[in-house]
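Naming follows writing order (A, B, C and D), and every chain is counted from residue 1.
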Amino acid sequence: MRGRFEEPLDPVVARFNSSIGFDWELLPYDLIGSRAHVRMLGQVGIISPSEMAQLVAGLDQIEQAWRTGEFQPDPAWEDVHSAVETRLTVLLGDVGKKLHTARSRNDQVATDLRLYTRDHIQRLLNLLQQLQAVLVTLAEAHQTTLIPAYTHLQRAQPVSLAHHWLAYFEMFDRDRTRLVDCNRRLDVSPLGSGALAGTTLPIDRAYTAELLGFARPSANSLDAVSDRDYVVELLSALSLILTHLSRLSEELILWSSQEFGFISLTDSCATGSSLMPQKKNPDVPELIRGKTGRVFGHLLGMLTTLKGLPLAYNKDLQEDKEALFDAVRTSEDCLRVMAVFLEKGMVIRTERLAQAVTEDYSNATDAADYLVRQGIPFREAYQVIGALVRTALADGKLLQDLTLTEWQAAHPGFSEDIYAAIQPAQVVNARNSYGGTGLAQVRQALLAARARLAL
Amino acid sequence: MRGRFEEPLDPVVARFNSSIGFDWELLPYDLIGSRAHVRMLGQVGIISPSEMAQLVAGLDQIEQAWRTGEFQPDPAWEDVHSAVETRLTVLLGDVGKKLHTARSRNDQVATDLRLYTRDHIQRLLNLLQQLQAVLVTLAEAHQTTLIPAYTHLQRAQPVSLAHHWLAYFEMFDRDRTRLVDCNRRLDVSPLGSGALAGTTLPIDRAYTAELLGFARPSANSLDAVSDRDYVVELLSALSLILTHLSRLSEELILWSSQEFGFISLTDSCATGSSLMPQKKNPDVPELIRGKTGRVFGHLLGMLTTLKGLPLAYNKDLQEDKEALFDAVRTSEDCLRVMAVFLEKGMVIRTERLAQAVTEDYSNATDAADYLVRQGIPFREAYQVIGALVRTALADGKLLQDLTLTEWQAAHPGFSEDIYAAIQPAQVVNARNSYGGTGLAQVRQALLAARARLAL
Amino acid sequence: MRGRFEEPLDPVVARFNSSIGFDWELLPYDLIGSRAHVRMLGQVGIISPSEMAQLVAGLDQIEQAWRTGEFQPDPAWEDVHSAVETRLTVLLGDVGKKLHTARSRNDQVATDLRLYTRDHIQRLLNLLQQLQAVLVTLAEAHQTTLIPAYTHLQRAQPVSLAHHWLAYFEMFDRDRTRLVDCNRRLDVSPLGSGALAGTTLPIDRAYTAELLGFARPSANSLDAVSDRDYVVELLSALSLILTHLSRLSEELILWSSQEFGFISLTDSCATGSSLMPQKKNPDVPELIRGKTGRVFGHLLGMLTTLKGLPLAYNKDLQEDKEALFDAVRTSEDCLRVMAVFLEKGMVIRTERLAQAVTEDYSNATDAADYLVRQGIPFREAYQVIGALVRTALADGKLLQDLTLTEWQAAHPGFSEDIYAAIQPAQVVNARNSYGGTGLAQVRQALLAARARLAL
Amino acid sequence: MRGRFEEPLDPVVARFNSSIGFDWELLPYDLIGSRAHVRMLGQVGIISPSEMAQLVAGLDQIEQAWRTGEFQPDPAWEDVHSAVETRLTVLLGDVGKKLHTARSRNDQVATDLRLYTRDHIQRLLNLLQQLQAVLVTLAEAHQTTLIPAYTHLQRAQPVSLAHHWLAYFEMFDRDRTRLVDCNRRLDVSPLGSGALAGTTLPIDRAYTAELLGFARPSANSLDAVSDRDYVVELLSALSLILTHLSRLSEELILWSSQEFGFISLTDSCATGSSLMPQKKNPDVPELIRGKTGRVFGHLLGMLTTLKGLPLAYNKDLQEDKEALFDAVRTSEDCLRVMAVFLEKGMVIRTERLAQAVTEDYSNATDAADYLVRQGIPFREAYQVIGALVRTALADGKLLQDLTLTEWQAAHPGFSEDIYAAIQPAQVVNARNSYGGTGLAQVRQALLAARARLAL
């Protein structure tokens, strides 16, 4: 678009400047936006009904050519917007030159990008829901499977494996609400904001907003063309999704190690080594964990790009697209492949887990609580059991191996029923406070999770 | 807290490990949380009514000692939580040892941090509202002041200065909704989640949630003690607040330069040079712009810290506090000082602005729209005006300096009324589409802004 | 590579896992590495001379097929390494299966990536040198052109425009030394480190290092396969290059604004607006400035990916490539296009600059120094001139407009020669300390710059 | 410093603007810089010998007051530089007002910050060297201790534990060279660059550079006052140090888990739980791992702050200090405490390690290499062993448990000596290629490491 120019662009500059290599992804959204714009121009009489019909038909024809693969991006073009306008003018002649009436690329690309983002938020919501459904199914199957739970990667207390899966359910549930909030905030139509100040032509922005399914037109034209908050907000939400996936991945990697041995890997989701014939590697969770940095990087890159830009549009904003597209694609891929991995990539080794929860001191808190129920101040009970663990360790015994005499030497409050109180199944089941790992709580949590998913 | 330990901590390790140097900021929230916890323990009968009364009184006494400055952090202490428990035990004897019944530092610090965050979100909302109020006041005073608006820092089209201030109003309005969403999501009580699995004691989590003013108890204990999503989410929201402030700062810096000259700096918000006697510098917006990186850095640091942590609590999470506290403090400071700057730090040079809008080609679109209104396809009109600008530039003339003959040579559609159409006031006022800079639109936007602020 | 596997990879996982979509960029380096490896295997007798000859010929043939475009990546392949091995085996039969003897993909990809990085560091050094040469040429042409220099974007003191260009020369010169240091550090050959522990076969790592032009083989096999320091180090160096380019870009954008008007844009490196016919935008520096965030993001992403990875190779490391390739490509493009812009994209408006340096108070320090030379303590002189500026401003006068009486009222030390001392040319020329903007200094600096470039 | 101002700073602005809260850390460096400056002023005759002597004595007196704790920062002061000048003027009267002759805060703070950075690079080098010495000592003690080595956290091949420690030695060795390079690049004196253009007074910059121990004065005054490359470069180097520490920390955390059990924690470097009496947590490596994000955040924050700043000094640069100081302090702490942890915080469980290396398939590559030595193409041998592992797994056997008949059924090339070839000690020792884990190699590597440390 070179209204007042006499000489052509330097070819190095033209290549550097062109966005056609990546903004082609916006094509379907650009056509949706242009169709709405043209219908509005016709509606308010800025163009005639016949011109409107021709333009709509031309845009439909372009969409058809794109769907069949005939309309392909040419590296020589500046961007997707001028590609469409040019092709339309080839198709329709002078009428095509009316497409850009009362519009600027600034409000146009802002509209396209919101349409893209809205669409992909919907896809992300679906993928999150699917992953949550897998987690619920796993949780239902493992309500009475016990697993050591950790703080500081040291065994803390055993929990129901269902409880563990539901912790991730909660994280992804918050992720969904963040996406919904982001979507609600981006739900305004910038179309009609012009270059930055609106237009002198009698357009109807409420009508284009309605045609595009936006809640309302944006309230300030300067803001509308320079706002990329929703891009940052989505990148932040994706960064948290990846954070959650990275935590789950870390655990799956740990669990599949020979040392933990809590899961084994199936052939369908693991890969081998080029050198070591015995290897079977958890590539899926590793790669997800690795891609976390990539999404964080895009968030940071976008924030840096926006920092200190004066109003309104600046060319720097062209950098919004690749970061967003890649982060969205990466996040969608990771959600999809994590669901596949959880469903098909691992076998939970229940016998190993059953053994694991019996071989440590993770019932020590229960021994302290046992005394607390007799009125011993907690901190005192804590000291008693701490000392007991110390001597048991020195003797190479677990708490359940101590004789009643040894228990009573530590504190006279202990009786025979201490052994029942510190059995793993009891340790888990006794944590029956709301949100705890007691089986009744877990059953309630499962019902609630199912209900939330159905929404 | 060293239940099973025989030897003391190495002093280098103790210093490294201690958080008392920064988590003292949580003290008031820790006392609120402990009071609620103790009242619940009494309510359900885990401790006696008298024990409850003593503990509450002891916590009140500690708060009093803190308010008077008598209770001060000692570098030798491990953290704020054990400092309170220790002091309570000194005050009350054995009863103090019951404070930590049915609680872990893991759910305790999660509760404290949510209370802190909730409180500061409220402060940030107030500061945003105050800044928006200043913007509205400025906008009301400058509805008919015209200012060049820019894309690519090249003059694009003139706008009402009120329209410009209201663009920032919109940004800060979105910021408020993000804080509200963050607050809604953090509005759950982790208290009672214990170390990670709940507790065997018959606590009432709904009651503590209610006492603390949280909407409900958290649904999964593992998630509750390891969730820091709200920290990241607040840091993201603050990063966007700083992004908006950095854009406004950049403009204020530009405007106060001799070249722009749109504002002059008052003595009360500017500083000088140690060497150059003539200097008067816009330190406030520069420093705000500089602090943008700081807040981004905290966001990024926090995300990195969370990446790949297995469930549940890991010591890495101790790093959540300093980043959050500093980002909150920085953001609050920047919002406060920006409001001061806008109110007292600058004088808008209206005479300079009035001249500026007459000395460029930013009315060229209006000349094209003039033809469009006669049915000329936009792209054709655009080419006509592009050529006209080119020749005018070559002749050292502005568009308003061209003779009617010159206009008509460019296109026969031009008549005498072209001169009226391209006057700055008309250029601004004609952009009367919704959200545009036309004066009627700006008046409407101001009314709407006032209404939104009152909420 | 699925030694012990019975079932195929799930297709979703296969797609997610495959790196062929981006590691194809390593193909030429992979062939170089494999050729050296094979020659070494022959040299030490692990394979026969004839096998070696066949393998080398086969690798040459593959390179040929790649150069002619016949060998293209297939999305179904796992990675570039297995693609080469498979094709070689198709070409050569069983001999091809000997390619991977005494090697793992872990040391192979580490070698490839170092070869890639070394190669591109060389290209970046050349591009930096070319950009510096353009700066020196500009500086030579503008030794006596004066321009206002700024602190806080407020006019500080005038300088020679040559001095300004040479400031950027210095920055890019440091950038070159950082690349050289990075290159020196990466100059070790990981080939022969095997999966992570070396190999049982009698390889000669010094020989492959020599064939590949590396200074020496790496000293520790575990480190060698998991070290990506050089990737981070290059990304850091690129981040600083982009930081420097972003500062230069910011200035070019400012200078091309109507308000500064220090340069005008040529047609060959500027673009227009789709709506506003008059627009001519500095897209090149804007886009460079915008891409700064992109490179920062890659640095951050890579650091995050590496954080907390246990030794040795983890699949997360597959994420090293795209970030690096994109950052390198972006940086190379930005350096190239900035040189084009400086050469062809702008015209320096010397008349405007000549006027600019006469219209402000940036000679105030010289008036203070005038008194200092008479023995007045600097802080006192500073206060005298500060007061003088204040009254001059109030009267709408510049310092040069004050009468001698006014000067002497401020301080008796002033005589007629104060007028000469505060003329812009004198102000610039008098700053004759080493590294200052005095013309003799600038001439020296130019000579030194020329000399450093020739190296 | 308010030369031309009539009204005072608004108190909110004054607080926001002041840097005394953190730049006090520069005080010793500021005094060093000022002393050199004053001696030079005397040397060239800008001030008299007596004035010089008084100023030096005054600066000494201030240093004394600081050392004794009598000179403390007051929140009301603007910055450390004006605090010194003011105090000096109180001490000396009018002579104090000569301190700032031929100097600006811009070159002054640039000098101070370089002195600070140079000093702390030296401390960091020492801390790295001490940590490396600990690693070498550990390696010497564990040359024949075998440990499983991992790729993808799956057991790959056993290695000498010494080899493992030496991998980290290599990383920290590279870190040292990066610090040395950074130091070499920052080794220029900006003093005398003035505000940005040099000075009109006849200063001798080579003399101050020499007095300050810098290699030379900086070459361009504009660059000198706005260059913060060395801050970014140090933050990058620190980010890699923390990356290495985070990897080591991750391994120590894994190793101290019950599942790995490769080390046990001593009391002196571990902490417990407030609730769970049995807990003993690896807080030190966890906290180090967590602080990695903090340092990355500072790097990123600093880069963001610098992005797009026009020349020369801008107030944004005030943000350089806190990030740098905190990152330096954090890195120094982490290096120091990691050395303590390795020395006193863990006990290596050699019996557990000895068992671990016998219980997996990590000798499979050796079985393949066994066939390769008979001329079988590697990829074929790999397939043979892959199949063998598959059937062994199905039968619940390790490779060493297979009968010779089973070996020979897989491939006729196997004889009795296969059992010797796949024993862990042999597997390790046979990897005798340079840089491999074979014991002879490890001994060589240890000698080389000792030698490098002595430098």
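For this structure, a couple of remarks:
Convention: contacts are C-beta pairs under 8 Å (C-beta built on N, C-alpha and C of every residue); 3 or more make two chains touch, one makes a residue touch a chain.
This is a predicted model, so every value here is computed, not measured.
The minimal number of chain-to-chain contact steps leading from chain B to chain D is 1.
Set against one another, A-C and C-D show the most C-beta pairs in contact at C-D.
Comparing the residue numbers each copy contributes, chain A and chain B share more than half of them at their mutual interface. With centres taken as mean Cα positions, chain C sits 33 Å from chain A.
Centroids of chain C and chain D (each the mean of its C-alpha atoms) stand 23 Å apart. Shown for chain A are the residues that touch two or more other chains, namely 2-6, 100, 106, 150-153, 156-157, 194-195, 254, 272-273, 275-283, 286, 289, 292-293, 296, 299-300, 303-304, 306-308, 314-315, 364-365, 382-383, 385-386, 389.
By the touch criterion given at the top, residues 148, 150-157, 253-254, 256-261, 272-273, 275-283, 286, 300, 303-304, 307-308, 359-362, 364-365, 367-368, 382-383, 385-386, 388-389 of chain D touch chain A in their complex.
Within the complex formed with chain B, the chain A residues making contact are 2-6, 46, 85, 89, 94-102, 106, 149-153, 156-159, 163-164, 166-171, 174, 177-178, 181, 185, 192-203, 205-206, 217-227, 229, 232-233, 236, 239-240, 243, 246-247, 249-251, 254, 289, 292-293, 296, 299-300, 303-304, 306-315, 364-366, 369, 372-373, 377-380, 382-383, 385-387, 389-390, 393, 428, 430-438, 441, 445, 448. Those residues of chain C lying in contact with chain A across their complex are 1-10, 12-13, 16-17, 78, 81-82, 100, 103-106, 108, 194-195, 266-284, 286-287, 289-307, 314-319, 322-323, 333, 336-337, 340-341, 344-345.
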